Amino acid sequence: MSEKPVKGERRVFMTGNEVCAWAALAAEADIMYGYPITPQTDIMQYWTRLGPKFGRKFLQTEDEISAGFTTVGGVIAGKRAFSATTGPGNTLFQEPMSMAEMMRIPTVVIIPQRGGPSTATVIYSQQEVTMTTFGGNGEGFRIVYSTAGHQDLYDYTIKAFNTAWKYRFPTFVLGDGYQAKMREPLTIYDPAERGIKMVETEPLVGLPGTPGVDRPAQYLRNTYNTEEELYDVVMDIAKDYEKAAPEIIEWQDFDTDTEMDVLILAHGVVSRSAQGALPLLKDEGIRAGHFRPITLRPMPEEQMRRAAAKAKRILVVESAYGQFLKLVKQSLYGMDKPIDTLLRPGVGVTAEEIVDRIKEGR
Amino acid sequence: MRVVEAFVGEYASGKSENAINRSLELLSQNQKVTLVDLDTVEPFYTLRPLKKALQEMGLNVIAWSPEQTMGLGEAGSLLNPEMIWALKNEGSIVLDIGYGVHGAKIFNLIEGADTDPNLQVYAVVSIARPMTATKEDIVRYIKDLGNVDGLINNTHLGSETTPDVIEEGAWVITEAARELGLPVMYTAVCQELADKFANTDKMGNPIKIIRRFMPQAFW
Amino acid sequence: MTREEIALAPNMPKCWNPETKPHKFCPGCGHGLALKMLGEAIDELGIQDKVVFGCDIGCSLLSWDFFNLDSVQTHHGRTTPVITGIKRARPEIIGIAYMGDGGGYAIGAQHLVNSATRNEKVTAILINNTNYGMTGGQMAPTTLPGQKTETTPYGRDPEETGYPTLGPEMVASIAREGAYVARGSIANLRQLKKYLKKAIQNQIDGNGFSFVEVMSSCPTNWRTNAKETWSFVEKDMAEYFHVGEFRVPGQKEEK
Amino acid sequence: MAIRIVLAGEGGQGVQVIANILAESANAEGKEVIYIPNFGVEQRGGVSIAFVQIDDKRIGSPKFPKADIVVALSNRAVNRTRQYVDKRTTFIYDNSLVAAAEIDEHAMGIQAVEADPRSQRPTELVDEGKVKDQVQLPDNAANIIGIPANDIAKNELHPRVFNIIILGTLLKATAVVPLDRIKEAIEEKLGGKFEKNPELRDLNYKALDKGMSLVERVD
């Protein structure tokens, strides 16, 4: 391999898509498979420009089904393989990701969410939460990081590879159109210099030696015949997932140490608005806190409940019509807290709007 | 006397149920009996999950067992050599057959079917099934099947079955049988309604009390 | 299987997994023959340690533990992209994608077409038995006109459902220099093995996409006895599907 | 000090170039910046909008409801940006009598940085009727400043440096980044072109100065 793409630490000003490409390079990703779709395409464009300089590969496939399945192929061949998609492409990705989920294939997929469901509303949304966390015909044994800006995109794209390969679950970096297309400053770094060791990859096929002679052949399958056999497989995966969850969950909380009039729950880029709303609310004499789950799957449920317990009311804010809300309700089940909402499908939310919503609710 | 009988019919007409009951009847007559699952068309309700229980009752059962099909996906439509050579077994043989679109051509797959002098093919019919609801439908259906030696009235509505439902089936199916020049072998009555019937139905067909197995066989 | 039985098994290819034999394909099914020729081809090329074998859903999935080869069973139609993904990541691997006519010509047609267009260095083998066997005999892209299946109970009407897909002809017209495309038949196993070997060798040589369709049999769903089965393969199918090589690297294209 | 800027114009007027230079200069100055180029359908011939936020501390939402400064360079842009204006907003628009310069592939000025040729297509693909409407300036802004940038560009400098005049105006109005930083950013973008054609550098810097002379700092 040629020299490292990122050396030391560098303050840079770039688009989110560019950040993802650099992060994948820094994470020693070997190969990207993908199909163009706005606002994801620039990740591929940067990767195809930067990748070859560092011996990294790329394949543009015929569609997202193929992008997903070739990524699966790259991973089972033992390479750090990834893809990026969004919107209708994410829909097509659910088939290969269902296979990855059942076969414990550590794929990494970056998803800058777009609005919809539609074909040309490409700007922004948080409407792919349900699909990314629980899409496919499965149980949602996936890991989903929801990023709130460019530093997150860089940090969590690198982390996604490690989480995926450590726990062997398909892992997603859930961004959005704003983050994809906007430019903001961040620090890029060589993970090794920050003490981040990339988890070793491992081939699942194409192992050394002759199968049946030097070692047993590898038989990977996702076909089961009896209810009982399937049940056992799914329950084994569930057990592993539950066991890993406490190690995987991440969150941030703001001003949640004391009693609150309202706890704002938001994820991704909307969390920034929630953070921005806190000082404004303080000026209005409202005691507000904010809890942001960074992993939407698995969800930091206990931590969210702990914060919620100290608040009189909950306000759920998202750029979707209740997809995050559904996860929140599931997490807070049984708690006697009124939940207010600010649901803005496909539209950004500002700090001022959150403040207005809270004042209106009083 | 060696009995070789094939039970054929539409989806959910009750052919497996009747095949099992017939097998157990022959068994109770101290015969050696082989029951063969040849339901390849829509193998959702198959004998597979019942295989072990039926074997314990003393039947020789030729069917995939769940453990044999590990990793075979929806391998319901596979035949194995045992099935193809089924008629070579000693004693009586009962075949549970999914006919499908090719009708009697399925006997092409069974070695010796064309020359076995004992082979009788019975079509299990329920007028509660839309495809065989009227006399005309039944006549057309049986003619399409070809190679049928008799009809069985297996009209039922699951737990809603009443004696009237069964008698109506007997009437329609007997009419159809007359037109086809075929006998009605019997009218099947589930155990729960056994005391509502005498030896024959109102059309004079013999009554056979059927024990239900298939509800346990959801694959 | 006991050691004795293995010893008795007639010429089982070395790369077959004896533990999973006898195999589970129906008696008279062509998959067994095609996989035997593939096994012999792999043995003769001496590549058992280099192959990754991918199989589709449909009856082809019964081959998931058929060989002593690293194997992956994929979703319906998706074997070509999985093997492509493996090959792109690790070019030293010899990738073989094994599928049925539904997987290659219907649900996964876009993958076959585009792999051919990109001249992916993989080998795709497609079993054409004119119907969907595993689901109980429904119409496939390759079903012959007039042929009865569970979804064409009155026979396939080309006006309604088109004519049988001519896969190798299609692939040959898409693929460019370096591709190898052929159609063999279980009725001529020597020739079939020759095609399979050439298709794998073509990948080893790094020339381009390799594709072999195998005309095969499905007596279970055709409801045919042995004689009728062979007659269907050799006469009825042969009327539509012509055996031969459609593209061979280095050979001048026939105009 | 936080400042929120909306820049809007016809595709090809170089709006994104100005925003880009401004954002990069601010970043180089060590500020927190978010720059969102509008995209989507508008990429192909609508109003091109850029959103820029500059702050000393980390910026919250990338989206904002009202801007401190709105720059609208065409009638359609005025209409499109009215929603971002409130009583704190300084609204700058081009009040030239002449039409905006047409940009073609041979564009020699700074607009050429906009590599995407789609942004230089004719822009009147949508709402043609409305485009012709009389422009109506917002009535709720703190300040409304009309500058004849097009006229100046055409008459005094060169049509292609129209957007640099605007950049100068913006720079003066916001005082958010020092002139030197802007010049560095321009050098970085166009240094190569300047090498080949030193007159271009002069032209661009003159335009910058001119723009700055048209307004006073806005507070």
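Here the chain labels run A, B, C and D in written order, and each chain numbers its own residues starting at 1.
FYI, a residue touches a chain if its C-beta (ideal position, glycine included) is under 8 Å from a C-beta of that chain, and two chains touch if they have at least 3 such contacts.
Quick caveat, the model's predicted, so the values are computed rather than measured.
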{"item": "Distance-maximising chain from chain D - centres being C-alpha averages", "value": "B"}
{"item": "Central chain (by mean CA position)", "value": "A"}
{"item": "Distance from the mean Cα position of chain B to that of chain A, given in whole angstrom", "value": "54"}
{"item": "Centre-to-centre distance between chain C and chain B (centres being mean Cα positions), rounded to whole Å", "value": "37"}
{"item": "Whole-Å gap between the CA centroids of chain B and chain D", "value": "82"}
{"item": "Centre distance in Å when chain C and chain D are each reduced to the mean of their C-alpha atoms", "value": "61"}
{"item": "Overlap residues in chain B, where contacts from two or more other chains coincide", "value": "71-75"}
{"item": "For chain A, residues contacting two or more additional chains", "value": "221, 223"}
{"item": "Complex contact set, residues of chain A against chain C", "value": "30-31, 33, 57, 59, 61-63, 65-66, 69-79, 81, 95-96, 99, 203-207, 209-214, 217-223"}
{"item": "Of all residues in chain A, those that touch chain D in their complex", "value": "13, 38-39, 120-123, 178-179, 181-185, 269-270, 272-273, 275-277, 348-353"}
{"item": "Partner chain C, residues of chain B touching it in the complex", "value": "40-43, 68, 71-81, 84, 98, 100-102, 105-106, 108-109"}
{"item": "Residue ranges of chain D in contact with chain A within the complex", "value": "23-24, 27-28, 32-37, 39-41, 59-65"}
{"item": "For the chain C and chain B complex, residues of the former touching the latter", "value": "24-27, 57, 59, 61-62, 64-65, 133-137, 148-150, 153, 219-225, 228"}
